[in-house]
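Same chain, two partners: chain A is paired with chain B first, then with chain C.
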Partner chain A sequence: MADRARNKDGLGKAVTFNVITPMNRFGTCVVRLLLWIFDRWKRTQNTAKALAFLPFVHWVVIKRDRFPQLEGQPAEKLNYDYLFFLSTFNGPWGPYIEAFADVLYAPLDAVWFWSIRYPMARPVGPLKTYIKRNQVESDHSYSAYPGASVRDVRAGLEVRRELEQFARDSRDLAPDKFATEFDRLLMSLQNKLGSFGPIPK
Partner chain B sequence: MANQNGEKYGFTGLFPIKDGQTAALRAFLRTLDEKYPRGSPLAEVSVVHMARFVVIDRLAYQGTPAKVDTLKSNYLLFACDFDGFSIDVLIREMVAHIPDQLKTIWQNCRGFPGIESRDGLSRYFEQCQVTTNLLLADQPDATVNDILLGLMYRRGLGEFIRHVQETQPTPAELKEDFAKLWQRLQEVRPHAGDL
Partner chain C sequence: MFDFSNIQGNILRGYGSFPHARFLYLAIHDERAARTLLQQLMDTGSVTPGQWSEKPDTTLNLALTFDGLRALGLPEESLATFPAEFREGMKVRADELGDVGKSSPRYWDEPWRTGRVHLLVMIYGKTEAALEAGCRNFRRLLPAGLEELGPEQSAESLRIEGETARREHFGFVDGVSNPDVDGVPREAGAARSQDIGNPDHSGKFRKIPLGEFILGYPGEGGDLAPMPLPNLLAHNSTYMVFRKLEQNVPLFRDYISKQAKSFARTIPGGLPDDKSAEEFLAAKMMGRWRDGSSLINHPHASAKDISNAFAYADDPAGARCPLGAHVRRTNPRDALGFGGKTMSRHRLIRRGITYGKYLPPGDRDEERRGLIFIAFNSGFDQFEFVQQLWINFGDEFEQGNDGDPIAGSREGSQMMIPGDEATGRRPFICFDIPRFVETKGGDYFFVPSLAALRLLASGRVHAS
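Let's look at the complex of A and B:
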């Protein structure tokens, strides 16, 4: 289970996912341009963010002659450039791929189309086979908050903001008014208070 | 600037592994989560959100008519998302907090200069760095500390609500209990890897 970060209480929710696929030179140019556009115009990332299960994703293009080469190390002689997709997701593998194929098929196809023998995101069966062939398991994964999903983190940040505001604003209130304002706080945060934590041993 | 997204830096590095060291390195990496109570030595490096180590010793063959690519070296892929604007921040924190583990991992890699010179180590990481073309971060401006505090507040408030439901305090008691909760939340600081 080296793909999954853990802590003392059990395995965490975040799972690392690494896929390395070969591309030809023309594909490399196109993919670099596309990734540059996605990076430059953050609005293009909104759909991925709406899925709410991707804390981090790295897309990396390495040209065949750009693998790091240190003193005394033989140079790589490769036939292809390589695209590294390194993501972290919350939840099981199958639904993750299906959600990608359902919701993000357009950007996914635009980028992975240039990888050798990429089958396209739909239907999802061939995509899963392709990913299995090119997926590499992590040997160690770490998360500073392994028990928290993306939704947990978002909710936590919001709870903290509102709670700080409430603590400031309610300090001098009379008890009755304080109780009313506390109820109001709970109503605004009621959907953000679920429990979280790692999967117990 | 794709290595950077908001306040976060996404480092991706490929470190060539010394000949004959791949199995030992992989075995060591695979024991880390059991060896450390918080699941990783990186829990001591307070700027790190997430990280992974992956030993890459082959490239998948795509089937006919694709060509077979064979690596001449094996590589340690290290991808790390941390609070900061350069690799120097990560190096400084790792040298300060997990020097032995850093040495044990990277001494299996070619060209590792040791940890005596931080500048030398930064140069080494830069040599092995590959540019992250696109770094997606869900919370680009929240630090590790912000997120841990947020989660702790969320848990604290949840427990407080359960307490209120069980004890049904008067408004005066509710205000007093909340003041105690607030005081406790100011005093406790969660550690990375605890939540």
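Let's look at the complex of A and C:
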């Protein structure tokens, strides 16, 4: 149950996904450089954004001596730094991993290659096994819009933007001209008007 | 290479030339009796393989549920290696599949509602008489210890005005876009030659790896699907989805007729006299005209062209084929981008056959009719993905929560039929789409290879 976003409206469309993998010191340096490049050149994120089933993807490196401790808790003696992969995705787990491996294998391999015993993204079977072994379920996850997928949000924003523009531009139009412009608006938004809500049964 | 003679028939090549079928449902009460039956069927060469030197008058094929494998005495260590969906069975997975409301298992037909079928016997005949003889011959072999669960399910290719037609009850040509499988030679005949694989980087189509449909071979991505143990049981075997889908033909026709009046008003100047808004609207919902011609190649009129050589990338807004149309959702080709990579692992081989009499236009009756949906895949996640995310849910097709207009599970769904700037046709929304197709039963089956059937008959299965 903990692998899904949930709040007062129940389970959301987004599933949480956390993978924690150990890295050696050299790997940590390389991964930090790669993540800096991904962050600096946004174009490198285009494919991930185009996948449209990813509300959120984040990689973070935690060095072996930087893990937080509760008050009075002794620091761990760790042999490795750790790469945290934190994500939410819409849809089932298996196809999510497969799409990742099929479409994003280059950045996945570049970043995860430095993790201990990473099997490479393709073929996807060993990757799935590796992820299962290193995956940590969320204890709790909050979604402000549990009934919304990435596409729902993008569509909603576009509908609002276009409608606001239309409202501004159409105030003084004659009825027949208004009808023409309304048809044009409908045509531009025709594939953004799907029903919205929790995942249907 | 693989051996056709070790793979059961109707999987890689369809039984299109066997228009009569009967499905017998058996419960196994005595595992030794069941093994004896299997042994007899194998010894007499009764189980039809994927190829033959002389075409038989009847075919016979077998499939087992998880409970059936257990009843046959398969050891627990082997049973544990089957996929979770199969172990649970279709009834347990009803919610995931959208089998809710009147499609929920409590409304299913017998034997699906109260029992779980162990062994499914599928007999097809070239003629009704041959089918009768085939069923009689099989029943003669049936020992005590196996119980036939009634009622049997008859099915036959639809007959319209005395002629056998490859259509389903809503009137559409059926089974025209099965996958083209790597290593499987195409059969003669127009239907089979139209098969098509998955899109590649260059926008062309390539054949689909055998491992997407048969266990023991590499699939998309080059790896093997998870296989049950032992290997002899798994290799050349497959999984089958069997569903009895009832089609409410009067409801479908009434809805189309009612909506078509409003739809016609979105077309500048109205429709030409030789076209009906009903046909156009039904085609928009299906994604093909009733005669099978695609809306991509023939957006304005049908052309009796069942060519599969088309893609959706050059129709991104769905002006020709709506993004939410049934055939675009169930086989999106290149519509989802990324050179088809995100859809390539979700193909199914479909071998449907209709049941019930054809209802002529304008007629109404109380008879039940529909489709026996049969699909083969190397893991039930393939079928469940298509059913859950493409048929019952529209997110990947920019449809939000709106499901498939023909086969979706939601009552009161809606569908956008995009307008067309080239012709001036305005967008049209079909509101309150009823559920036209209801599930009346079914289950998940394992379809053993012929070698695996011999192994099961021997009773000497060990997981290692």
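We adopt the following convention: the second predicted complex is superposed on the first by the 191 of 201 C-alpha atoms of A that agree within 3 Å, B and C clash if a C-alpha of one lies under 4 Å from a C-alpha of the other, contacts with A are read in each partner's own complex, and residues count from 1 in each chain.
As a convention for this text, a contact is a pair of C-beta atoms (placed from the backbone, for glycine too) under 8 Å apart; a residue touches a chain by one contact, two chains touch by 3 or more.
This structure is a prediction, so every number in the text was calculated from the model and none was measured.
With chain A as the common reference, the superposed partners chain B and chain C fit together side by side. Between chain B and chain C, more residues of chain A are touched by B. When the two complexes are overlaid on their common chain A, residue A:Arg66 makes contact with chain B while staying clear of chain C. The three-chain arrangement built by superposing both structures on chain A places chain B and chain C 120° apart around the Cα centre of chain A, to the nearest 10. By the touch criterion stated above, A:Arg25 is placed in contact with neither chain B nor chain C.
Touch criterion met: A:Ala155 reaches chain B and chain C at once. Of the two partner chains, both chain B and chain C are touched by A:Phe196. Once chain A of one complex is fitted onto chain A of the other, the partner contacts of A:Tyr145 are limited to chain B, with no touch recorded for chain C.
Of the two partner chains placed by the overlay, only chain C lies in contact with A:Ala99; chain B stays clear of it.
Shared-chain residue A:Pro74: touches chain B; no touch with chain C. Between chain B and chain C, the shortest distance over C-alpha atoms in the superposed arrangement works out to 6 Å. Taken together, the two structures place residues 152, 155, 186, 192-197 of chain A in contact with chain B in one case and with chain C in the other.
Chain A meets chain B in the complex at residues 1-2, 5-8, 12, 14, 16, 18, 20, 22, 31-32, 35-36, 38-39, 45, 48-49, 52, 54-62, 66-80, 82, 84, 86, 88, 116-117, 133-134, 136-148, 150, 152-160, 163, 167, 170, 173, 175-176, 178-179, 182, 186, 189, 192-197.
Those residues of chain A that touch chain C in the complex are listed here as 13, 50-51, 53, 90-92, 94-95, 98-99, 101-103, 122-126, 149, 151-152, 155, 183, 186-187, 190-201.
In the complex of the two chains, the chain C residues touching chain A come out as 95, 98, 100, 220-224, 317-318, 323, 337-338, 341-342, 344-346, 381, 385, 388-389, 392-396, 398-403, 409-410, 413-414, 416, 418-419, 421, 426-427, 429. Residues 1-2, 10, 12-16, 26, 29-30, 32-33, 37-40, 42-43, 48-56, 59-60, 62-63, 66-69, 71-73, 75, 77, 79, 81, 110-111, 127-139, 142, 144, 146-155, 157-158, 161, 170-172, 174-175, 178, 182, 185, 192-195 of chain B are the ones that touch chain A when the two sit in their complex.
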